[in-house]
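Take a look at these structures.
First chain A sits with chain B, and in the next complex the same chain sits with chain C.
Right, the complex of A and B next:
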């Protein structure tokens, strides 16, 4: 008997081509109103504008670091807008688009990269956990949270974000197993942006990532990560499935990180301009713009107003960022434990004394 | 009215210390918009374009292409028309005309550049780096100790008024409250009768027998052990570095300073010197500044890594000062450009402040040549150690009357010993000797100040 060397299914769900043509998909139908389409485009534009402003602000010394989302806006907005109230999202440090969809003030996200906050928002209020820097660490948390939802008989699901690089982490694979055997209501949303800093995808996997799901015992789907409609449709369906008790699923959003890994990285050292150029033609915003235009769903005034709105947003971010107050040292200790804790209080006092030791006597 | 702001090189990649200016994308006189690329900079991690934080007109490019800049160095000045641009007084944490940059002023080398900690009792043992690049003014770190410390002072000041009869700084008052010490009952040892942190801690130690609040403790066998911190730690590390890295030699000469002493008497009568202190230090400093002009190598530094000698544009005249916290070396900024009365004023400003422990960090780093007055201790001479980053140090002893042979006769003259240690890697015996002889000649015949300048 001939043993197949690999699975051959590498289909990719797409509902909107890079040229802006709508495509039907029997497995993932999507019913969106014109207003929803315009709103999705607005999300994409504003998320990109926030990202561009934050990148500039880092170069001006206002942020310690920034992880650009450029190129991945559709994957994040599609997934983010599929979440409903009561769902819980667990991000990495690059989920600015999802944060936007969950109603997190972009300034709060920038504050985190400025170092003026240790968290920035209430996870409970927004259904959006804090950013996680440790690679893949948020996956066990998401599965645990989903199992809690299961115990509470909640009609919601968790969605956890990670990248192609994290797919090699033990935490992520263990999460797959836990989610599978406990049938947890969690959707694993992997943005395969082709690069784990400088490590290319072929160093993570020999098969398409979404196919791994079957080995763990749940379905996997690959979606065009630059197609906001496809990401929305697939995410909605998989989340609904999880909410209804059908268990976890893996979505591989096939996309590309157009920028650097972070502002500390120089991608020109390890990847080819021609690859970047090829992906530029699949830009997630252009196809929606082109579709809206061709379908005459918008007029020039819509784009002009949106441009204006995004400039205003950038300006308010710039001003707001510079005005962010310095954090109190109390913040460092406030949330280490839910209840008062004598050891933490002692550390707090020691630290306050340590800082007071820097005071310059008779400072002019 | 346009407001001129500076954009300094930020830390572009989590802990970088420098960047190379690859290419300017604008020139002086150009109009720039917010976020318009100004310059391409290459760091150890990446080559990036820096977008302008301000809209306005480019006034000055402070670096040339190919120049390696330390983080925090000025890149460009912009006359901004941007209403959102900060005015200097309007932005917290901004000092000395710099833009309100979050990161980039906190990363640089030497222990001598560290912010002074006053009697710290931290269990952490870490020091915070403070200063910007060499030659640049020290800037407060936006989220660093200085700011936090000042904020803490302001915050604690509110509760400080309860013990009005004792003088103490707010943090000391807070410490006293924490330790349950009544400030009025503490014997003050600080300047003008202020209660210092050490006083409070000593009182607490008395009150609670066996307390280790100062970190001092007694071990078996009776040795008392005291932690090395703050100024003492800086001194230890600077002297170790000096001994380990600078091959130095010392020369000395006895000088007849009778004429200088007489000149001092006349200077004290002059209105130009009222309010200053006419001391041997002033004349020795003046002699050194004149001699440094004749032998600029003594004001240069040996860059072993680059195998180059770096000649300083200005003389930052360091004065070794014994404070109650240990050795500190404040410096007089651009001392070579000062007239003698100006130098007198500068010394009267810098030295007592350092001695009282109230010098700012800016005063304590960045010297290029140091003078140490061991005469104040009743000592005649010694072999001073060079401050790292400098190449020479001159010590002078007490001025006292001694028997002196003059034209075959033993006469009484006022004399002093002047010693010079210098970096022998690039200052040979001839150069060092010429310098020391110049200083001695000026002190013997102050008229040379005019004849040589």
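Right, the complex of A and C next:
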């Protein structure tokens, strides 16, 4: 039996071809206005610009590291724009596109990689949990949060992001079980970008990842992860289903990590340029641009304005990043615990005295 | 309102009070519902508070903690039970990498009022992984608080204080003392804050510091030593993180000698921290080095050998004698 793992198979939901042709899917219809289409394209362009700017800033030494989202913009914008107020997203460390959709200041995201913060935003305010770096840890947390929504009788859902590598983690598989048996309102959004640093998908699975869902007792869908419309349609439907009490679902967004794993990685050691080139033809931005053009939904002024907005955004990131204040050592001590803690207070006092000693030494 | 309660029952009563007090308090764990837990600590709670608040979970410790973190983010106050000490390592990543760090990570925006309860320690003839003392791992982890009662009265109050805390608390239950009985006033307020140690027996010659299951052993040792004319002061730490060093140091300044006893391996165990702190603070008052009594640097033995591994009255008194003879 042929087991498709490395190519988009027939069951992959697609609403916009790489050539920019709109196609219908009876299971996942999408009603989207012209304004929404333009807004989606704007999201894609600006997320890519943030990513490119952050990569450049890392090369200039302004960031310690950056995890590029290049190539996965459609998956993240499609999912991110399907979330509504009151929903909660649980990201990995690469969900810059979802962060954008949830209204998180990109500068806050860059702060994580500069080392000015380990958090940087209010999860409650944005409906967007903190970045999680340990692979898969956020999945059971999302299920717990969804169980809380269920207790509260809230008509909302949680959406948790993870990758093909994480699909091997115990916590991810456990979270499938929990979501299933508690019928929790959570949507698992797996971006299968084909690579877990240097390990190919074949090292994680022998069946298409979305097919695993059925074994856990809920539906799984594979979607063209480079098609923002398909990602939006499938995410909307699965989220709505969860909000209405029909339980969890797994979405596998079939995509490709066009960049390195992070700026510390060298993908030329483990994958072929020809593969990357093949995926470049499936670019998530170009197909929308092409569609907007062909449908005459935009004019040159639209693109000129967007270019301008994009450059302004990059400029504000460059300036803002360099102006980010270093965190305070006092806050480190203050935030270790919610309530007073004798050991931390003593160490804080001792360290303050130690630092004060330099002030006296350096006094004129 | 005074009742004679075992420690297990006292914790049960404490959990009941917490569930009554705050509708956001939830219990989660394996077999805690209909069965009432393998030690019956949650007996009857699901019947009275329902399956939505006393939740039998899948057999997945890591997700018990992960789900508790998510529930806490949602505004709940989860109390999770890990069935045995040796099973908590399965959830170690969620505890150490997520639960303990969330408040600091979020710059104080996200609170984690999660209580992790589990039985610990040996002495009941159990199979492997059911007699361990992992407290040092948790005490070493910034962001966690660690408390352990030695008697039913403290158990009743400490478990409620742990649940009421806005920080994550590891609540360690000394399993071989689950059946110890005491008079518990279930209407009373706690006598001490959660982070306080207590002098449980006054003495003048040596300070014997312990916690959890070993406190009773130390009290028995002190009673036996009294017959030989040795006056031992026993300090029950109650809180392992943070440590109430003031109570320990005040005692050692009076006695000039200190012995620390616990079941866990002494190497980098709680006694190492107590010994270092006492040495720093009481260097000139000490008549002898701080001595430690505890488990060996071996895996916990098959139960037919555990009487050698667990410090008993004689091993404690041997250390007291060495301290006095120094």
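One rule holds in what follows: the second predicted complex is superposed on the first by the 337 of 364 C-alpha atoms of A that agree within 3 Å, B and C clash if a C-alpha of one lies under 4 Å from a C-alpha of the other, contacts with A are read in each partner's own complex, and residues count from 1 in each chain.
We adopt the following convention: a residue touches a chain if its C-beta (ideal position, glycine included) is under 8 Å from a C-beta of that chain, and two chains touch if they have at least 3 such contacts.
Keep in mind that what you see is a predicted model, and the values were worked out from it rather than measured.
Q: Determine, under the contact definition given at the top, whether A:115 touches first (chain B), second (chain C), both, or neither.
A: In the superposition, A:115 touches chain B alone.
Q: Touching A:301, do we find chain B (first), chain C (second), both, or neither?
A: Neither: A:301 stays clear of chain B and chain C.
Q: When the two structures are overlaid on chain A, which partner does A:60 contact: first (chain B), second (chain C), both, or neither?
A: Only chain B is touched by A:60; chain C is not.
Q: By the touch definition at the top of the document, which applies to A:177: first (chain B), second (chain C), both, or neither?
A: In the superposition, A:177 touches chain C alone.
Q: Please work out whether A:153 is in contact with chain B alone, chain C alone, both, or neither, and reply first, second, both or neither.
A: neither
Q: Check whether A:342 is in contact with chain B, with chain C, with both or with neither, and answer first, second, both or neither.
A: Second partner only, chain C.
Q: Output check: A:24 vs chain B and chain C. Expected answer is one of first, second, both, neither. What do you get?
A: A:24 contacts neither chain B nor chain C.
Q: Per the contact definition, I'd like the list of chain A residues that touch chain C in the complex.
A: Listed in rising order, the residues of chain A that touch chain C are 88, 117-119, 122-124, 129-130, 132, 134, 137, 139-149, 151-152, 158, 170-171, 174-175, 177-178, 181, 331-332, 334-339, 341-344.
Q: Help me check something: in the complex, which residues belonging to chain A touch chain B?
A: Counting only chain A, the residues touching chain B are 53, 56, 58-65, 114-116, 260, 263-266, 268, 315, 318-319, 322, 326-327, 329, 349-364.
Q: Under the touch definition given earlier, write down the residues of chain B that touch chain A in their complex.
A: Residues 7-8, 10-14, 34-35, 45-53, 84, 86, 91-93, 99-104, 115-124, 128, 142-143, 145-153, 156, 169-171, 174-175, 178, 353, 356-358, 360-361.
Q: Quick check on the complex: what are the chain C residues that touch chain A?
A: Listed in rising order, the residues are 26, 52, 57-58, 60, 62-63, 65-76, 78, 93-94, 97-98, 101-113, 142-143, 145, 165-167, 195, 241-245.
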